[in-house]
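First chain A sits with chain B, and in the next complex the same chain sits with chain C.
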Partner chain A sequence: MIKFDTSNDDISVIVPDGERMTATNSTSFKEQIIAHVDEGNSRLVVDLSGVSFVDSAGLGALVGVLKRIGNRGDIVVCGLADSVRQMFELTRMNRIFTEYPNRAAAVAALKDSL
Partner chain B sequence: MKHAFKLPPQLGDVDEAVQALRALVEPVQGNQSAVAFEVAVSEALTNIVVHGYEGRANGSSISITLSVTASALELTIIDQAKPAPAHLYERAPLLDEIDFMQESGRGLALIRHHTDKVSYSPSSAGNKLVLTFPAPQTLKPNENRKEAGEDP
Partner chain C sequence: MKVVIADDDDLQRAILSAALKRMEHTPIEAVDGLQAYDLLCEHNASILVCDLNMPGLDGNDLTKKVRETILDRYVHIIMVTGHDQEAVRQNALHLGVDDFMGKPIDTATLTARISITERLVQHENLIKEKNRVLEEAKAIIEQDLHAAAIAQKRLLPAPRIETPLCCFYSAFVPSSYVSGDMFATFELDGNRTGFYAMDVSGHGVSAALLSVAIGHLVTAEYFQRNTFADDGTPDPAQLAKTLNSRFFHDDSEDYFTLFCGVIDHDSQELHFCQAGYPSPMVVTKDGTLRDIGDGGYPVALLPDVEFTSERAPLLVEDTLVLFSDGATEAEDTQNNAFGRQQLSQIVLDAQARDLNLMPDAIIAALRAWRGQRTLDDDLTVLVCQRRFPQ
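Now for the complex of A and B:
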């Protein structure tokens, strides 16, 4: 079960459960976040500081959430480990997901963009 | 060094197998190469379990053999799943050819990117996939030790 922190105005911070975002858990991850988006939460920070490995299914889940949000909001990522950042760069996900060094910086940036 | 494993064709077991394989490779290849190895192996095993076995959790185990020598790092995967097209891996796209907004389809491109060679032989006797990675000796001098976090 992923964690949602909604204490920052209308910004939700999402913390994946576990150190790996793979085909094993990506469907559940995507479904939980999409349900959250469908409840009206469309400004999301995905805090990946506890994640050490992301595979193509994990990336696909993030893209699926991004598509669901569409023009209604934004989704950014923070706390990427080097190995995760390499995956983002290799698959060019860094061009569609803005990265911040930590949760505070990501939340501040989303607040500023209001 | 040679290691052989049996993996049940269940998605829930893939992560653990991938991490075990990486743990064997990292001391030899270093962290950077181990990350590439982990990505490719994870994508390959996930593809076989998801598309080959299609949730048939009671299917025959997948045989995995890791061979590490001074000249080659090879992972051989033999499964009894539904065969994939013979040229699946040869026709894998490049990562740059994949649309940003695609939710799937990056797995084969990642395997292609991270391997030196991919050989696939579908057969009713067992489908054989061999992933060949850059050999330990192709790393720069001392790179292995430094990346493994050992003192110079």
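Now for the complex of A and C:
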């Protein structure tokens, strides 16, 4: 089960469950976040500092959430491990998801953008 | 229900038999353990009521033999013993007896014991039937998947293709029956060779449906039509763009990575579009290795993204090595990825020996890395070497 931290105004920090975002857990990851988005939370920080591996299905799940949010909100990522960043760069997802070094910086940036 | 009664006491046997008949069961009488065993096998019975003390094979020996040899069904064994034989019952339980009845047998106890056992047997039969149906369904699905795997492989080029301008050597290993990978090579007009390799996100049947759709769609004619600008310059990004428009759906996360290229043998250049597919390696004749490309948006993941055509030199005798991410991401038992560095070494070693064997060398190295476990992602290796024009 992923964790949601909603202690920062209307910003939700999402921490994926486990070190890997793969075909095994990406559908559940996406569905849990989409349910959260559908409850009216559309400004999201996905904290990947505990994630060491994202495969193509994991990336697809993140983009699925992005599509659901559309223009209603924002989704950013933080704490990318080198291997995860390489995956983001190879697929140009670094141009789609703004990256911050850590959770505090990501939350601060989203607050500023209000 | 058939119930084998094993008792050397004629009167005891007759009482049990009569009681079972009243309960509308079919008693099968045996005068000793050995006969009881034979009758259990002959009648395929699943309930045995046996006395402990019998000549020859006693109740315990019979229980042991039944547990050791009758493995196609569960035989429920109810043993008849004295009420105060606790130690005897412990031992019999250990040997595999399920339940006990004390002597003298009263009909109410017998009815209750047999009814419980009957329910268990019926439940087992129900599970057995469900298993049979599932096994049948599984066999049909496996048969279909085998057929699908064969059909998919027929779409692929031969593992070894030698044209006057270049040679292709390839390997294609689905993680299961069918693969979400696909690739093809084409001889194009004007001294050019085309190719693509793609990898659908995820694996299994849903990924294979998309990879096969691409395999059917991207024919030589389609490739030629979609990889050149109006002025005849190779522009493989057009192919990625066309496929993106065709396969992007707002309500789906199915997407694929793609690397498509056109080798211009006159200018000795590779024109390519990298759409999220791993950067291929180029090995020169003197053993220098370099990576091609630094990424690009995958196809069908997002609408209206930009795909770019790039160029890189590809000289005669240079070798281009494409591989899906199943190669670099293959993990050992401690979840360590194989990685590009190890892959580079295998590529260099194979290039120095026999290029023809490079795909198999990569597969062998990955299998060894995984401790001979099957690959957990689909794998494609496509090796292309330019030749001197003949």
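One rule holds for everything that comes next: the second predicted complex is superposed on the first by the 114 of 114 C-alpha atoms of A that agree within 3 Å, B and C clash if a C-alpha of one lies under 4 Å from a C-alpha of the other, contacts with A are read in each partner's own complex, and residues count from 1 in each chain.
One rule holds for everything that comes next: a contact is a pair of C-beta atoms (placed from the backbone, for glycine too) under 8 Å apart; a residue touches a chain by one contact, two chains touch by 3 or more.
Note that the structure is a prediction, hence the values are computed from the model and not measured.
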Joint occupancy of chain A by chain B and chain C, clash or fit: clash
In the superposition, chain B vs chain C on chain A residues touched: B
Chain B versus chain C as contact partner of A:A104, first or second or both or neither: neither
Partner chain in contact with A:E89 - chain B first, chain C second, else both or neither: second
Touched partner set for A:L59, first chain B, second chain C, both or neither: both
Touched partner set for A:A35, first chain B, second chain C, both or neither: neither
Chain B versus chain C as contact partner of A:K67, first or second or both or neither: both
Touching partner for A:A23 - first (chain B), second (chain C), both, neither: both
Common interface residues of chain A - those touching chain B in one complex and chain C in the other: 23, 53, 55-57, 59-61, 63-64, 67, 83, 90-92, 96
Residues of chain A that touch chain C when the two form their complex: 23, 30, 53, 55-57, 59-61, 63-64, 67, 83, 89-92, 96
Partner chain A, residues of chain C touching it in the complex: 199, 201-203, 250, 253-255, 257, 276, 278-279, 294-298, 301-302, 305, 325, 329, 335, 337, 377
Chain A contact footprint on chain B (complex, rising order): 11-12, 14-15, 35, 38-39, 42-43, 46, 50, 95-96, 98, 100-107, 110, 113
Chain A to chain B touching residues, read off their complex: 20, 22-24, 53, 55-57, 59-61, 63-64, 66-67, 83, 86-87, 90-93, 95-96
